[in-house]
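In the two assemblies presented below, chain A is common to both, partnered first by chain B and then by chain C.
== the complex of A and B ==
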């Protein structure tokens, strides 16, 4: 991960601040930085979203393609994740440098979505055993300032909300073969229900307390973090400890509780915002990449 | 990208017959609510009995073999050695490099020799679980390599890999703060199955009606220091279930602790020169 070198004096300063629930930029331990979300930015995709969290910038594009369903579950479609750490984010990612981090992020995303409720996979089926929709979710990291998991999960939720999958009709022709027809109307499409898509909350252990949405400096002062993905109902779909340090079981229980609370509170405003943006329709002013 | 040019592979679209077999077998097996297939109980801390032995591989600095039910793993430790890549040499502490691989014949379906993303993920989690236990600052400018090979996968592979790797590190004489033990649990509805077999892990013997609270959890634990060094969960669970699961895994680790300690003291005694008397 992109890291900064922090001096001992700076570390002590950050630790003492966190102990008193006051971080370097004035936030409390459970506050997020300023988040901006915009959807439908890339016209070649079926759904896209860009999330800016402080100085972290993430762009997600979702493309729906027709493929063969997995043999064990012939009546379901599936999602494929790929995270690319672009060399723009930090010079450490040049060449193959970002591959390791990208692989770690993709694997965690697979685990987060590896359950029956996050995305309704049965709605992605076209004809059981033969055709299904495969959603390729591609994440691009443009800028890296800590807390990648949170930004990526919010961007994925927004992009899936924005995804418009064309409706297909299967018809039988004269010889009994199946023909797939796409409707001519470009607005005749199916939307996904993203109510149950989880959001990831990263909690970093700094001193004796834990912080949400850590910046790179705060990350340099912590030895271990806990990644927890929470749905809007409060169920936990994935928990993972990252970092080279160890955690006390009591800390883990505290962090899980905080993560669940913060994660649950994230969903309602996010859905409200996405629906508001959608309702603006054509009147919406596109901010794009330079705003 | 490295491709496997030495082996003739089957056609890309072929599927193993076992995919179609399993579903029939599930319907026939009696899903009795209390007993598991191998006689252990649901909802109780009933880990499989383990067979462990150290010092099997003469070439390696330290090695260990673990067998739990049908899961068989072997681990070798090489080091401390000079770091191969000079630009990554750390002046203040050593580096731990882990590598976990599955033999192609280890799982129900034939795997490939090329490391897939699952194996890379498991290697990373093994690294994160072992790092807090090893005194790396005593080995500056060096690297310690831990290689785990799964010979047969019958569930709870990561948990047993952590235990096996920490035994191999001790056998190699690497200084450690504490042993790192791993325990795995599969949550099904209201009950849990500790140390699940492969079939239980993949949900084949589901007790009827348990659709909620379905998930797996693996914990790596340092018993003397009471610290958790690795935690990973999957599926979906309520928060209380997760907390309860972590506590159960810790109990499972404590059950395993005396067995591992005994095996290690036997190994050390075997290695020690015979006393003169």
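== the complex of A and C ==
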């Protein structure tokens, strides 16, 4: 993650502020920064989304390709994740600098999203044991200002909502072999049900309290963070601890409760916003990258 | 405004919205600041007349004087140069800057000041604790980290001739001189400069800071501000009854009161709003912005529509004040 240096006095100031529930930018411990979401802006993908959270900028593209299902689960498709930390985000990512962070992010995303409870993988099956849809989810970090996991998870949910997979017809030809036809109509496509897709909430322990959506300065003052993925019902699907410091069980319990509450509250406005964007249809003014 | 910590309702959910094009806040077309200014972009031909001397930001392209940066053309008699609108900090002698120590080296510190090169703060240019004036000994060299460490912030001033590079503490210093390679030499000779204590650093573009007689202001709203020429602005709680010298190396780690914190957070958000709309920063503009932001909650100031409204009101007040 990109790091900033803070002096001891600044750290003390931030710690006392968090203790009094007034962070440096005036937010409370559970408030997010201003978030902007836009979908369908990369034309050569099947679904895309761009999320701006404060100064963190994340772009997600989803491409659907046909592949062979995994041997253990022949009637399900699967997702593949790749996170690219571009040097645009911060000079630390130049060359191979961003690879380590990218690997860590990808592995966490696999755990969170690639299971049948989050995404309906059975709907990605075309013919059991032979063909299935593989969704390649590519994440591009454009700007890094703290709280990458949250922004990425919101972007993935929005991109999956926006994904249009072409409908496939399987017909048998004379010798009994299967023939796959994609329909010619570009609007004849199937959409994914993203109701159960979780959102990730990162909680950083600063002093004796924890904060949601930490900036880089607050991250420099914390030694341990907890990453929780929460569904719209408030169910916790994955918990992971990052950072070199230690967390005692009471803190973990408190942070999990906060994460559940905050995560549950993320889903409703997100889905409402995505539905609103969809209903605007062609009238929507595309802002893109130059807004 | 106090928030209730216990009641968490839907208001606490994230503020999500669809993006919109950011509008440039301007008062009216007739008052446009672009009247009479000669703006160029890289590649624009300034003049084909060969009688001019070319200055910074220009180059000769087949007998024609062309701009190499985007900015305003300045003509002084026969000298033509282009002053860029946005650039790294180019220090001049006497500038006051806020910098962060990045390295501790032999007899000097390297300071990051948002310029092309790191600036230099020599051991001989700082006040030793206790205010003594003596030759620096070998012992002083070994205990440099006791004075200023990596990450600390300082305020300094730049002097004549030395040009060197200085190091992350927040401290405030004066530019002593400019080295031949363009790096700045800083000094903290006066007691008002030195290591900075608790507060908030806001990083903005150097071209937004207005050059004034003094860069240290005690604002009437209850906080103090240091507008470094390099774009780094330091906000801190107003000093208490006794006049503590900023040049001291003892930083108070006592908790800052909640009301002071609110003032500082509000000022920080106002500075970011002014910076986003490219308003010149000096004590009056910051104060007007603070006053016009009072009806809003502190965390709402960074929302685009609230930012626009506040900056609009601030600009109007500034125009009225001038007129």
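Everything that follows uses one rule, which is that the second predicted complex is superposed on the first by the 289 of 291 C-alpha atoms of A that agree within 3 Å, B and C clash if a C-alpha of one lies under 4 Å from a C-alpha of the other, contacts with A are read in each partner's own complex, and residues count from 1 in each chain.
Keep in mind that, in the parts below, contacts are C-beta pairs under 8 Å (C-beta built on N, C-alpha and C of every residue); 3 or more make two chains touch, one makes a residue touch a chain.
Note that the coordinates shown come from a computational prediction; the quantities given were computed from them, not determined experimentally.
J.: Check chain A with both chain B and chain C modelled on it and let me know: fit or clash.
T.: Once both complexes are aligned on chain A, chain B and chain C fit side by side.
J.: Of chain B and chain C, which one touches more residues of chain A?
T.: The partner with more contacted residues on chain A is C.
J.: Could you look at A:12 and tell me whether it touches chain B, chain C, both or neither (first, second, both, neither)?
T.: second
J.: So in the superposed three-chain picture, is A:281 touching just chain B, just chain C, both, or none of them (first/second/both/neither)?
T.: In the superposed model, A:281 contacts neither chain B nor chain C.
J.: Touching A:27, do we find chain B (first), chain C (second), both, or neither?
T.: Once the two structures are laid over each other on A, A:27 reaches chain C alone.
J.: Using the touch definition from the top, say if A:95 reaches chain B (first), chain C (second), both or neither.
T.: Neither partner.
J.: Which partner chains sit in contact with A:252 here, chain B, chain C, both or neither? Use first/second/both/neither.
T.: Only chain B is touched by A:252; chain C is not.
J.: Check whether A:266 is in contact with chain B, with chain C, with both or with neither, and answer first, second, both or neither.
T.: second
J.: Kindly classify A:177 by the partners it touches after superposition: chain B alone (first), chain C alone (second), both, or neither?
T.: A:177: touches no partner chain.
J.: Between chain B and chain C, what is the tightest CA to CA spacing in Å in the combined model?
T.: Once the two complexes are overlaid, chain B and chain C approach no closer than 11 Å between C-alpha atoms.
J.: For chain C, which residues count as touching chain A in their complex?
T.: Contacts found on chain C: 3, 5, 8, 10, 12-22, 100, 102, 149-153, 168-170, 196-201, 251, 253, 255-256, 258, 261-262, 265-266, 268-269, 297-299, 301-304.
J.: Provide the residue numbers of chain A that touch chain B in the complex, in ascending order.
T.: 71-72, 103-104, 106-107, 111, 114-117, 226, 231, 234-249, 252-253, 256-257, 260
J.: Going by the contact rule at the top, pick out the chain B residues touching chain A in the complex.
T.: So the residues of chain B in touch with chain A come to 15, 19, 117-118, 120-121, 124-125, 128, 131-133, 211, 214-215, 217, 222, 225-239, 242-243, 246-247, 250.
J.: What residues of chain A sit close enough to touch chain C in their complex?
T.: 5-10, 12-13, 16-17, 20-28, 30-38, 52, 261-262, 265-266, 268-270, 273, 276-277, 284-285, 287, 291
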